[in-house]
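I am attaching a structure below and will ask some questions about it afterwards.
Chain lettering (A, B, C, D and E) follows the sequence in which the chains are written, and residue indices restart at 1 in each chain.
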Amino acid sequence: MNRVTALVADGSPLALEAGVFLLSLLALVIGTVRRGDPRRLIGGVVFVGLALLFGASFAIHPGEVLFDGVYRTDELALFAKRLFLGASALTVLASLALEPVTFSRRAAEYHFALLVSLLGMLVLASARELILLFVAFELMSIPLYFLTGFLKREPTAAEAALKFLLVGTLSSAIILYGISFVYGVTGSTDIASVAPALRLGQPLLGLGLALTLAGLGFKIAAVPFHMWVPDAYEAATTPFVAWLSVAPKAAGFVVIFRLYLEGVGPAALLWLPGIAALAALTIGAGNLMALPQRNIKRLFAYSGIAHIGYILMGVAAFSRGGTGMVLFYLVAYLFGNMGAFFVIQAVGAAERSDSIEVYRGLAQRSPVLGLSMLLFLLSLGGIPFLAGFWAKLYVFWAAVDKGMYWLAFLGALLTVLALYYYLLVARRMYIDPPQRPDPVRVPGTLKLAIGICVAGVVAMGAYPEPWVREALRIAGTLF
Amino acid sequence: MGLSSYLTLAAIVFCIGLFGVVTRRNTVGILLSVELMLNAVNINLVAFSRFHGQTLGMIFTLFAICITVAEVALGLALVILLFRTRRTVLADEIDLLKG
Amino acid sequence: MDRVGAVTRLPVLSIITWAPFVSALIIMALARHRPLLVRWVAVLGSTVSLGFSLWLYQAYDRAAAGFQFVERIPLVPSLGISYELAVDGMSLLLVLLTSIIIFAGTFASWTVKTRGQEFYALLLLLVTGVFGVFVSLDLFVFFLFYEIAVLPMYLLIGIWGSTGDVPPRGIFGWSFRQTGVGTKEYAAMKLTLYLLFGSAFILVGILALFAANGSTSFSLLELQRVHFDPQLQSWVFLAFYIGFGILAGIWPLHTWSPDGHASAPTAVSMLHAGVLMKLGAYGLIRLGFVLLPDATLHWAWLVGTIACINIVYGAFCAMGQTDLKYVVAYSSVSHMGVVMLGAATLTEAGLNGSVFQMFAHGVMTALFFALVGLVYEKAHSRDVRRMGGFATMMPGIAVAFTIGGLSSLGLPATAGFVAELLTFFGTWSSVHRWWLFPGVAGAFLTSIYVLRISKLVFWGPKTTDPEFQHLTDAHGTEWVAIIILIGVIVLFGVAPALALDPVGTATVPLLQRLGVMQ
Amino acid sequence: MADPTLPIATALLLPLLSFLLLGVIAPLRRLGRGAGYVSLLLSCGALAGALLGWQRTFPEPEPIRLLTSWLPAHAGPLASVGLLIDHASTMMLVLVALVSCLVQAYSLGYLHDEPRASLGRYYAYQSLFAFSMMGLVLAPNLLQLFICWELVGLCSYLLIGFWYQRPAAARAAVKAFWTTKAGDVGLLIGIVLLWRHAGTLELLDLRLLAESGRLAPAGLSVITFCLYLGAAGKSAQFPFHIWLPDAMEGPTPVSALIHAATMVTAGVYLLFRTEWLFALTPDVLLIVAFVGAFTALMAAVLACVQTDIKKVLAYSTVSQLGYMMAAIGSGAAHAGFFHLLTHGVFKALLFLGAGAVIHAVGSNEITHMGGLARRMPQTVIIFVIGTLSLAGMPFFGGFLSKEEILAAVWAGGHPVLCLVLLVAAFLTAFYMFRVVFLTFFGVPSEGRGSAVSHHAAATDGPPHSAPHAHDPPLIMAAPLWLLAIVSMAIGLYFTWQHPAPEFAAAARDTVATVPVPGWLSPLAVVVASSGILLAWLTYQRRTIDATRLAAAFGPIRHAALARFWIDDVVMLAYRGGLLAGARAIGWVDRYLVDGVVNALSAAVVMGADRGRRVQTGRVQDYLYGVALGLLALITWIGWAR
Amino acid sequence: MTLSILAFWCLAVALVGSALAVVLTRNLFHSVLWLALALTSTAGLFLTLDAEFLAAVQLLLYAGGLITIVVFAIVVTKRMVGERIAHTSRRIGGGLVVAAALFAALFRVIRTAPVSAIRPPMPGDITKLMGDAILTRYSLAFELLAVLLLTALVSAIYFARPED
């Protein structure tokens, strides 16, 4: 323990990883030692720990290099780590509101897995070497399969988890296959060695990068690698889904930046049409498939897929602005999407259903909850003075700046489609009369989590300047 | 034997694995097919490593083997769980979640 | 443009813009379950805006012209976005229009029964968006407000709207039941999506200009110094035209408007047809004409020709309706054609007429919707075939409706006349002289459907339908909106210089910039 | 001499004041008669102002113009409003002020049974009309003329529809508005074109341009024709005449003021004011003349078969307007204007007289009247004076003006038109005396009492039964007498003076001047007298059987009874063309234009629902997705390189 | 040299054959056994590439450990139903096309890629080198691997254990 505190005090870059690891062990230990229902204790401890680590992350300075260049903390890594920590803390907070029936005596495993996955992400953000990158990537992924199947008594849980795992394993194989080519051509596992090799024009390297991109497409849920997403979202516990929809995807984008911006360098221009096409496909399919959904979690699954498309648009711009806007988008998406899932959690717990129908008259039953949901929906739909508006605009700008007018047009028009289904939910909440008069009971911790998300969405929307400046600054270090 | 022979061999096995992945009805069978694909990757890595005269690829292989085994183990646990709750392990019978 | 720096100490424009928003917040926060308090807070908010607008209107220095009352706060300096507000002669008039209509609209919705608190909050939020659009100089902020002006519509129509009955027919009949044509939810969704669809075009256009200028500034003042590549101008103009045109109700992208206006509650129709549709034309002039001069000259024929279609087609559609609200809604489509036509002439008279028509039509259509709302509230029907001789029971409403109708058909001494006359002068001075004829024909057709409908509803023998035997005239607060709006119609019809003086200071430099005027 | 501006401005503004008082102050309006007195008082003031102004204009050789900017523009005002005071305008002003003042007084008696509120409304309209008409008369430019032109149209609409509960009145009101509006479309286009063509709409400036030949002749015909369209609409020229007979649904004083004396003559006035412009386009003038003469004849024929006293007068108005137009078309605008003035007086007299009869009898139908001479002696005298004026008998109001028109038409080189007008004059005398004999002489109508009460509901004015018919009260009689005296005075003065025809001097050189034969004037008198004689023989002496006379003109009579089917054609065009077309376009918009939108959105939703089935739930298909995506990426990379 | 070529070909044939058998056989047990053979052949290939340590790992961990687990799982599930578990394939044509197309795409690149055919000498004892690298440069990855295995263990137990 002392060493860990020392690490944090010194601002050592590994302090966060060490802290998270210790927290995960602590969760397991408490779960085994404590009698009765340990979920509140574990959740509380983990939340406090994560919050502290989140704070501690601001004491860490970029630029540290460890293990012979394998691990390096730069601006992007730090940004990503804060994002992961923040998202995890929010999720743990919301998880405290999970019902004891599904949760008692399993809280230890739940939090352990969550933290291990977080650990993987934290390392992933800093990994500059393919072996570490792959190991961290898998460390992040395996707990996700577990958490997806967490409600193992539900008949759907194992199904979703198994699907997730099968697709995930296949993707791992593909990534690994791709990496093997990259390694084979460069003779090195350092990401930095990719660009020089590319200049030699090795066809195998292109093949390797394409394979890797396909694998990463699974992680970020780009179409057509997205099909596991709705099933996993529907079956898993909602706080975890909130987290799943944001954190691992952000991690996927970090890897994409690492490999295709830092690694590939200017040669990535060649890739842009492909990524742009992927973005277009993802936006289009995601939005279209979301239209007919009746289950709100599935709806958000598909809408999340569409959002990934928008973020990919920023990636496809391949510029300082584009990258910065992706980072901004990720944060905005974090608040909006997690917030929406927290509301879904609250309503789902009260109504025992995830059907959109149960949102009837929510605004009249619980005005604040309804308003929060509306804000999240509108933010995701890209409506002004909410975070998502700026986010979408910025990625469009990034695309237009690169002359990809068609992509911006497509994105902007499909946003309208997205608003259609968001408004359908809004319609249930605001226009339709309520079926029951009683308000939806929301536990305190969940209220806090929703409140934080609302604050984030509104703050980023009302005054985006600091966030934008920060995002651009971070993106600037990559170019 | 040259490197390309190994690479071709690995590609063949990879594709056979992929074929198995998309055609097998039994989830265990799918898992096995994925294993084949991963195995092909290992061949690739080791071959590259050898032809570079380094150990990097072999180290990678080591990690890869461990990780895949862990994945398969988890997958099998899930299959057992699924079987317990749903009485089937056939992929096309587990479609409660769709659309 | 050296006058831009005329900064006033009091942020008048911000006050005008945000006063409704603040009162909306107050309503949401304080006025729970106190309906009367809600209304008075709303009145207070709109009064603040109205008062300051009036002050602004007289304080605007006509001799100096240009943008005045500039406020600028950097919002996102890293991307060249700043909260930059100012008015020129054109926006000045439209700000005044907006504040008049929201003031009237607050009173017109006095009788909203359910969920009044939310209604007023949303209404005021909407108005903030409209004000914002008219006063913002920064394209980004412009767009921001634009979206705010559109979104609350959805809930306003969806919750407080009314549902009509549209039987599915024709080759596309299959889709009618599926989309729920006629219901308020359908109308709300259609309106919102259509307008957002348009805003997508606008957005890409704005971003393209921003990017073409090196991504340094969204300020209109900055961008108008740039001469953009003609090809870029050309498609950006088309994007703007589609985007703003949808809001302005250009044919054939107008179909959201009749459904939306017919389904919307009174104040929303007033505000929407009265102000929001103008926002489309305003945007096209402000963004399209100012920033894209080459494309404006190139595409004016398209804008004008479609405007002619609008005028005649809208008038015919209005004539063919049997639903009172649809008549008024289609008349808006027709009249917005006049606005677009005047603008497309690219002449002083035409452009002035266009802006004047924005104002005039704004007021008279608001009046119409206020009256139709009253009739609907009392008679619970919008079907003109069942009505008749209402003037015996509601003489005040009948007279007011007729006055509105007369303004709408361009009778002198009402604002509508001045606008149409100027537009007609403009058309004959423009390159495309033939535009005059559809324009005049539209005015004639308007006289037919307006008088016909007022005859069917109000004049003639009293209906024998037992449902309509005990209707009452407007009373109390219901008069406020009617009297204000009629007063404005007549005032500006008799003394058009009130509006034309400031408007001229904005349109003449614009035309000079386009090179069509010395 | 003193400046005429002030009294004239007063004359113009007093009715406006009256309108504002009655319009804005609702309690005052609801006073009813009180409102009437206010309006009447101010109207008398206006009359005084007009007279004073008229008298002061005599010595003024040059027109006085007063302008104030109305529509500002960058390079000077686009349009102004103001006053143009010259001989013609002040003379017309006096006519308007006089008739309007008298009609307002008359209405106090005629409408004394009207509810208070609606009486107040009536006077508000009347005041507005007086103001607008005076504004029209004094307009210094075509724009102001147009503005007031529309306003009088509005007043006409409002007053025709005054008894709006009657379906016929409501219908007639919109019909009048639409028909004149159709002409106004032309006027408006003409004004816009002229503005572009000449750069100004000021009458004085335009005249200067026109007379100095600086107005490009190309395209001018179109402009004048458009202006003429407006005039034709307002002045009920064929085929726009259809609205005027229907307009008789309004109260009779309104018909006297608006649809006889003042508003309908606005078209003639417009042409008179712009005669120098029309002089540049002789082809259009020709149209004016021919249409005018045709209208005169056609309306006269129609008037012969009417049984509604007001309808007869209405058609006679149409006919007389045709006279005036024919004169203007022949290049003698002054003759037309002169007839306008005299006609204004005696036609107002006739209408008010007819109103007195209707007021007394309670019916419009002349078949329900008869033998009223004994009961209403004053009315008879007055009505006969008016009738003789209209017939153009010497010593009466219309004598000289009608004669001048005939001469002018002859001098303009249109002997055929002159002949047509003579026929019309014959018919005029005939149909007017038909009315006189049937109404005031002949069989009293007691035996037809039941028919009267049967029809009473369908007529205006308070129902009285014929037996109790009596002369009107003073408030109605005084205006009648005044008008009769004025009419007689004009007639006597001009018969006495009989000045040399002015048109010879006034005729422009563009119009060929033909010497007028001396027999024209006696011929006209003879023609009119024979018309009277025929009427006397037919309806008084019954030496000629009316039915046989009618049978002799069988087809024409049949056609005339059907109003020559013009109304039917217009109705068909309105219902079958306009309304049906509108309904069709409305259908197209709803089900095709909007249908596409709905179909698109429905298709997207359906497509999305179908697309959802890709997500089968079977994991192999998910794996397929991954495999296909991978394949696509690799293929693309291979291809892109 | 010829011996190694011969060995490669034999191993390759064995590998491809057994791999085909894995995906084609209709018996799950056989499938597993064929996989064991494929893994073993791979271990042999490792030997031809001078990776003795890896070959051992492959045999022990993969062919040994993995197969054991799988067989165990099959036995468990089979015992629970007491019947033969279907092990058929579907959409063979589609799979064939996809696999073939992928192979064609891969092969096109591999064939044209300029790869060296000579084997440079290894810098020393491979096993030792690997061990050194893992404990220095890759120590973090190694630690993480440990966590990963722990997680997999915890998860597998969680799923596999009966209702709690």
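Operating definition for what follows: a residue touches a chain if its C-beta (ideal position, glycine included) is under 8 Å from a C-beta of that chain, and two chains touch if they have at least 3 such contacts.
Predicted, not measured: the structure shown is a model, and the values here were computed from it.
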Using direct touches as single steps, what is the fewest number of steps from chain C over to chain E? 2
Chains contacting each of chain A and chain E, listed by label: B, D
Between C-D and B-E, which chain pair is linked by more C-beta pairs in contact? B-E
Chain nearest the overall C-alpha centroid of the shown protein atoms: C
Would you mind checking which chain's C-alpha centre is most distant from the centre of chain D? E
Would you mind pulling out the distance in Å between where the CA atoms of chain A average out and where those of chain C do? 42
Which whole number of Å gives the spacing of the CA centres of chain D and chain E? 102
Would you kindly tell me how far, in whole Å, the mean C-alpha position of chain D lies from that of chain A? 78
Between the Cα centroids of chain B and chain D the separation in whole angstrom comes to 96
Two or more partner chains touched - positions in chain C: 193
Junction residues of chain A, two or more chains touched: 131, 135, 138, 142, 145-146, 149, 152-153, 158, 161-163, 166, 170, 174, 184, 203, 206-207, 230-231, 293
Check each residue of chain B and list the ones that touch at least two other chains. 7, 14, 17-18, 21-25, 27, 30-31, 47, 51-52, 54, 56, 59, 63, 67, 70-72, 74, 78-79, 81, 91-92, 94, 96-99
Could you list each pair of chains that touch, in label order? A-B, A-C, A-D, A-E, B-D, B-E, C-D, D-E
Chain C contact footprint on chain A (complex, rising order): 321, 363-364, 378, 383-385, 389-390, 393-394, 396-397, 400-401, 405, 408-409, 412-413, 415-416, 419-420, 423-424, 426-427, 430-431, 463-465, 468-469, 472
Considering only the defined contacts, which chain A positions touch chain D in the complex? 162-163, 166-167, 170-171, 174, 203, 206-207, 209-211, 213-214, 217-218, 223-228, 230-231, 270, 273-274, 277, 285, 288-293, 417
Chain B-facing residues of chain D, complex: 612-613, 615-620, 623-624, 627
Seen from chain D, its contact residues with chain C in the complex are 69-74, 78, 117, 143, 146-148, 150-151, 154, 157, 161, 164-167, 170-171, 173-174, 177-178, 181-182, 185, 188-189, 192-193, 195-196, 578-579, 581-587, 589-599, 601-603, 605-606
Touch list for chain B against partner chain E, complex: 1-9, 11-20, 22-26, 28-29, 31-33, 35-36, 39, 42-43, 46-47, 49-56, 58-59, 61-63, 65-67, 69-74, 76-81, 83-84, 87, 89-90, 92
